[in-house]
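To start, I am sharing the structure in question, which I have written as C-alpha cells.
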Amino acid sequence: MTDKSQQFASDNYSGICPEAWAAMEEANQGHQRAYGDDEWTHRAADDFRALFETDCEVFFAFNGTAANSLALSSLCQSYHSVICSETAHVETDECGAPEFFSNGSKLLVARTENGKLTPDSIREIALKRQDIHYPKPRVVTLTQATEVGSVYTPEEIRAISITCKELGLNLHMDGARFSNACAFLGCSPADLTWKAGVDVLCFGGTKNGMAVGEAILFFNHDLAEDFDYRCKQAGQLASKMRFLSAPWVGLLQDDAWLKHARHANHCAQLLAQLVSDIPGVELMFPVQANGVFLQLSEAAITTLTARGWRFYTFIGKGGARFMCSWDTEEARVRELAADIREVMAG
Amino acid sequence: MTDKSQQFASDNYSGICPEAWAAMEEANQGHQRAYGDDEWTHRAADDFRALFETDCEVFFAFNGTAANSLALSSLCQSYHSVICSETAHVETDECGAPEFFSNGSKLLVARTENGKLTPDSIREIALKRQDIHYPKPRVVTLTQATEVGSVYTPEEIRAISITCKELGLNLHMDGARFSNACAFLGCSPADLTWKAGVDVLCFGGTKNGMAVGEAILFFNHDLAEDFDYRCKQAGQLASKMRFLSAPWVGLLQDDAWLKHARHANHCAQLLAQLVSDIPGVELMFPVQANGVFLQLSEAAITTLTARGWRFYTFIGKGGARFMCSWDTEEARVRELAADIREVMAG
Amino acid sequence: MTDKSQQFASDNYSGICPEAWAAMEEANQGHQRAYGDDEWTHRAADDFRALFETDCEVFFAFNGTAANSLALSSLCQSYHSVICSETAHVETDECGAPEFFSNGSKLLVARTENGKLTPDSIREIALKRQDIHYPKPRVVTLTQATEVGSVYTPEEIRAISITCKELGLNLHMDGARFSNACAFLGCSPADLTWKAGVDVLCFGGTKNGMAVGEAILFFNHDLAEDFDYRCKQAGQLASKMRFLSAPWVGLLQDDAWLKHARHANHCAQLLAQLVSDIPGVELMFPVQANGVFLQLSEAAITTLTARGWRFYTFIGKGGARFMCSWDTEEARVRELAADIREVMAG
Amino acid sequence: MTDKSQQFASDNYSGICPEAWAAMEEANQGHQRAYGDDEWTHRAADDFRALFETDCEVFFAFNGTAANSLALSSLCQSYHSVICSETAHVETDECGAPEFFSNGSKLLVARTENGKLTPDSIREIALKRQDIHYPKPRVVTLTQATEVGSVYTPEEIRAISITCKELGLNLHMDGARFSNACAFLGCSPADLTWKAGVDVLCFGGTKNGMAVGEAILFFNHDLAEDFDYRCKQAGQLASKMRFLSAPWVGLLQDDAWLKHARHANHCAQLLAQLVSDIPGVELMFPVQANGVFLQLSEAAITTLTARGWRFYTFIGKGGARFMCSWDTEEARVRELAADIREVMAG
C-alpha cells in the first residue's frame, strides 16, 4: 500500500493507538464468551463507572452513527422530535440515521452561537408549536466538542439541562470528541455529564484511537430499560465483543484517552498559532478542541489540494477544516502551516 | 483475565486468526482515507471479485445481524415477506432485526429436511396466500451451512433458485459459515452462489477468524442500487473501514479462509467419530460443516456443564450443540469426547 | 349497480345502519371544528366513558388494521414481542401491519383452545426464551369475539390478565366484534374489559354498522401518553372527525350497538340450528358470536359457490365460514340453510 | 349541538356536499364485496381514468396525511430524501408522517417564490450534497394549489418535471386542493398532471366535499407496483370501501368537483375584493385558489377572534389565513369583510 502521509481531513484518518492495540492483543488469547458476557466487557464497563464516578449503565456500539441514533431513539418515540444545532452531525452527516432508528422522529434545527445551543435557542424551538400536527419536542442533543471545534462549559450544560427539565426534554450528548472537550476544559467527565444534568452520553472511541466502537453511558437508569435488546435488534451487538471493549480498557488505563486528546488539541493550537499572522487567514471559530477552521482564499484551497493536502472545505466560501488526531506529528503541522503561508502569499 | 480455555458453545468464542491480525497490523500504519475510500477496502473488494470469478458488488458491515438484515431489506419492501427455515438464525436469534431493518417484512417459516429448504417447501409457503391481507412473498433466504450443520449442494441451490425465478422471488444466502460449506463440498465459491442462482451472499468473517465484519456480495447488480446509502443510514458504515477490510485481505490471501474452515470441519468430524460408539449418544444431524449435534441424556448434559464445558442445549430434549472453530485444538476435542464418554457411562 | 343480495362472506359486506346514518345526517349541518375538536367527538367520547363506567381515554381511527396496530405499538417497543393466537387477525390478515406500525415487533403465536388463548399457552410462549437474541414478550392480544366465533368469559379474561401482570405483559383486546361478545355473554362492557384487567380495547364500529371507524379505549392512562400524536403521524387523524364520531353517538344511544349485535348473533344461532341435522355437516367451533363455521364436503362448497353464495373457505379442508351481520334477514338465512341441505344431499 | 356558523379557519370545517351524500346513500343499499372489490370502487376508478384521459392506476386512502405519505414512500427508500417547499404541508403539519411511512426519508426544504418551487430552487437542493453521508434526493413534491393559495401553471410544472427527469427525481403532487387549481387555471386535470410530467397525484376529496377519502393516481405504472399491499399494511384499506369510492362517483359526475372548487375560489376572490380598499390590510399572496392571506394588525386579529371568527394566524406577524369552502355563503363572506373593515378602523 502506498501513501500513508498524515492528513488533516478528519481525525478518523488515523489508526489504532498503542494502548488500544496492546489491549486487543492481550484480549486475543484463547476463548471468551460471546455477546458481551466476557471479562473484558465487564471490566471496561467498570472502568467507565470508575471514571465517571457513578453507577451508570454502559453499552457498546460499533460506530457513532449507531450509538447516537440508538440513544436518541431510546429517548423519544417516532412522533417526537429532537432539537439539535444546525451543524449537528446527526442532522448533516448521518444520512437520516436518527430518523431511521427512531422510525421517523424529526430533527428540529435551533440557532447556535459558535456552534453551541443555548437555553434560549432551545426554548424558542421547543415552544414554537404545541399542536399535534407537529412532532412534540422530547430530546435535546448537544455535541461536545461541537462540530466547529467549540466546547460547552459545565455551566453552559447545566443551564441547558435546567431548561430541558423545565420543558420535559431529555438531554443527550454526542461525545464523538468528548475526550477533546475534557482535555480542553480540564474538567472531570462527571462534571461535564451527569453532574451537569446529561441523561445519556455517547463517548467516542474511534476518534480517540480505537479501530471501531463507541460507548453509550446512561446516567438515567430508567431510560436504559431493555436498551440491550435495542442494540441487538439494530445490528449493534458484537459477537466477539471483547474486541470492542478491550480497547477501552487500554484507553481508560492511566488516562491514555486524555493524553491522546490533549495531544490532538495541542496540535490544533499549534496550527492556529502558526497561521495566526498570515495575511488573509482568519479563524472562523475559536480553537478549543482538536479542529481548526480557517477562512482562506479559494485559490489557496485549490493549491493546497493540488499539493496533496486533504481537508474538508465549504464550497464557495473559502472555509477549510483541519482536524488533528492522537497521532498527529508536530512536524507535519508545521509543514501544513508553512504550505498555507506559501499558498496565501501566492 | 482468567479462564481462556477453548469451548464449543459457539465458533464466535474464538479470537482473531493470525492472517487477519497481521493484515490489521499492516493496515495500522499511518493515515488512510475514511469510510471505505482507502486502499485496503478497494483491495479486499477486488480480492472477493477474484475469488468469486465475477464482477460482483462488495460491501462491508459490522456483523451478521446487520449484514443479513440489510441484504434482505434491499430485496423486498415492508409489505413483502421472506421465506426461511424454522431454524433460520434470522427467525430465531436476531431479536426481530430483519423486521426492524425492513420496517415490517414478515418471515414465513417453511418446512425443512435436515435444516434445508426444498423447492417444494418454498412453493408451498409462497403459494399459500395470494391476497393483499398477507405479505407478498418476495425473498427466499438460505443459510449455508445451515444452523444444524448441514450443507446445500450446488444442485440443491440451483433447484431452489429455479423455483425462485419461477415464483418471482429473490434468493439470499446467509453465509455466516459459508467457508465451512465450501470446505465440506470442495466447491468453488462461484459454484455455490451466482452460478447456482444466488442473488446476494452475506459472507461471514467473524466465525472465520476476524474480530468483526461480514462481507455482502451482490451478484445481481440491480439489487445493489444505493446499497451504500442503506448501510450508512443503518449505522453500518465504519469510518476506519480499513480495519474491517484489511482482515479480509489477510483471510483471502493464500486461501487462509478455506484452511481455517477445513480445520474447523475436521475437528467436528473428529468429535463425531470419537463419540460414535458411545452408548446412548446419537447424531441429531449429519456432520457436514463445523457443528456436531448430539443427543445425550439430560444427566450427562448437567454433568458436562458442571465440569465446566460450555455448549448450547435444547432444554428438555437432551440435545447438545458443539461448534468447532478455526483455532480448536484436537487435544481439546479429545478431552471433550472423553468427558462425554465418562458422563454418559455415568 | 347490480347485485346487492345479502351474503355471508363477512360482516363487512353490510352497509351503514339507520342509527349511524341518522347521526351522520345530523352531524352534516353547518361547520364544525376539525381534527376532533368538535362537539360530536367530545360527545362520543363521553358516551363511551358512560357505557364503560370509567374515565377511559378515547381515540378514533379509520379501521381495525390501524386501531389494533396503533394500540399494540403503544404497548411495546420494536424489540418486544406480542403474544397472539394462531388465528389472530393481526397475525393472519393484516399484511404485517403490526410489524410496520411498531417498526418490527414480532408476533409470537401461542396454542389456543377453540381459538382462545389460555394462561398456560401464554406462559409457555412468554417463558420460552429469555435472552436478548429473541424479542422480549411485552404484550398479549386477545380477540373478543375470536376469529372462530368463540367468546372469552370475564373469568377467562381475568385469569389471563393475572398471568399478564405476573409476567410483565400488557393486555390488549381486539374487539372488532366486541359487541357480539357482549351480546352473547350478557355482560357489561366494563366486566369484559377493565374490570377483568384489560389495558386497551379496540372497539369495532365498522362491523357493528358504521361506514368506517373504530374506537380505541385506554383504561390504563399511562399507556395513552401522546397517543394522539401517534394517530396523527400514522395517518389516522380524520380532519372531518365528526363523521367518525357521530355514528358512534348514534350507535351508543339506546343501546343500538347491542341490538345489532344480538340480531347478528341470533341469525348465526338460527343458521346453526337449521343445519344441525344435515348429514355430513358439522360445527367446527361452538357458535357464540355471529359466525358459523361448518365442515361441509368439498363438492358442496363448489356447488354453493356456483349458486352465487359468497363465504370464506379453508382450501382443501371442506371448512366454510358464514358471518351474519346487523342487517342479515332471517329469510336469507333460511335460504342459505336450505341450499346447504340440498347441496349436501346432492 | 350548538354553533354551526360558517367559519374560515379551514376548508375542512365544512361537511359533506349533496352529490357525495346522495352517492353514499345510493351505495348504502344491500351488500357489497369488501376491500374495494365492489362496483362503486371500480366505477370511481374508471371515472378518474375518464377524467384524466389516461389509463392511470387509482387507489383510495382515508386522508391526505396517509395518501401523501404512502405515495412519497413508494417513490423513494428510507435513505433517500424528498425536496419540498418550506410551507409544504408534509413538512409543517403532518407530525412526521412522511418520515414514519418511509421509515426515515428526510425532507429537504427548498426556497420558493409565492410558495412555489422552481427548477432552480430544486436544482440547488438536489446538487448541494452528493455524498453518502446525506440522504440522496429522489423525489420532488409540489402542492397544487400551494399552502399559500398560489397555483402552478402547466408550464411551471413542466419546467419542474424536466428538471426532475434530468436529476433522476420522481415528481409527486399533493393535490389536497387540486380541484381549486383546476378551477383557477381552467386547465384539464390531464394538462396539470401527467401531460406536464407528474408521476403521482394525491387528489383531495375531503376539502372538495367528502367525509373522508383521497384518491391516489399513479400515471407512472412502474411506481405503483404492489401499492395495494402498501396501503393495506399501513392501515389504509377500508373494508367497506364503497363509502370512500361512491362519494367520488358523485363528485366526478357532471363536474360537481369543479363546480364546488369554482365556488370556493369565487368566495375567496370576493373576500379579497371586499377588503382591498381597507387601510392597513394587505394581501400577503396573490389570491388564486380558495385561500386569502391578509396582513392585518395584531389588534384587529384579537378583536376578530373575540367576535367569534375562527381563522389561522401567524403569531407575532399579524398574518391571517381565511379559507373558503364548497359551501361558503356569500353573505357570510360579506359579514366577515365588514367585520374586518370595522376592526381595522377600530
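Lettered A, B, C and D in written order, each chain numbered from 1.
Just so we're on the same page, a residue touches a chain if its C-beta (ideal position, glycine included) is under 8 Å from a C-beta of that chain, and two chains touch if they have at least 3 such contacts.
Owing to the predicted nature of the structure, the values given are computational and were not obtained by experimental measurement.
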Shortest path length from chain A to chain C (each step joins two touching chains): 1
Far-end chain from chain A, centres as C-alpha averages: C
Of A-D and A-B, whichever chain pair has more C-beta contact pairs: A-B
Rounded Å distance, chain B centre to chain D centre (Cα mean): 50
Chain centre separation in whole Å, for chain B relative to chain A (CA means): 34
Chain centre separation in whole Å, for chain D relative to chain A (CA means): 42
Shared-contact residues (touching 2 or more other chains) in chain D: 78-79, 94-97, 100-101, 103-104, 132-133, 135, 229, 232-233, 237
Pairwise touch network: line, ring, star, complete, or other: complete
Chain A residues within the chain D interface of the complex: 78-79, 81, 92-97, 99-101, 103-106, 132-135
Chain D residues within the chain B interface of the complex: 35, 77-80, 103-104, 132-133, 135-136, 226, 228-230, 232-233, 237
Touching residues (chain side chain B, partner chain A) in the complex: 1-2, 4-7, 9-10, 12-16, 21, 24, 26-34, 39-40, 43, 61-66, 69-70, 94-97, 100-101, 103, 206, 211-212, 229, 232-240, 242-244, 310
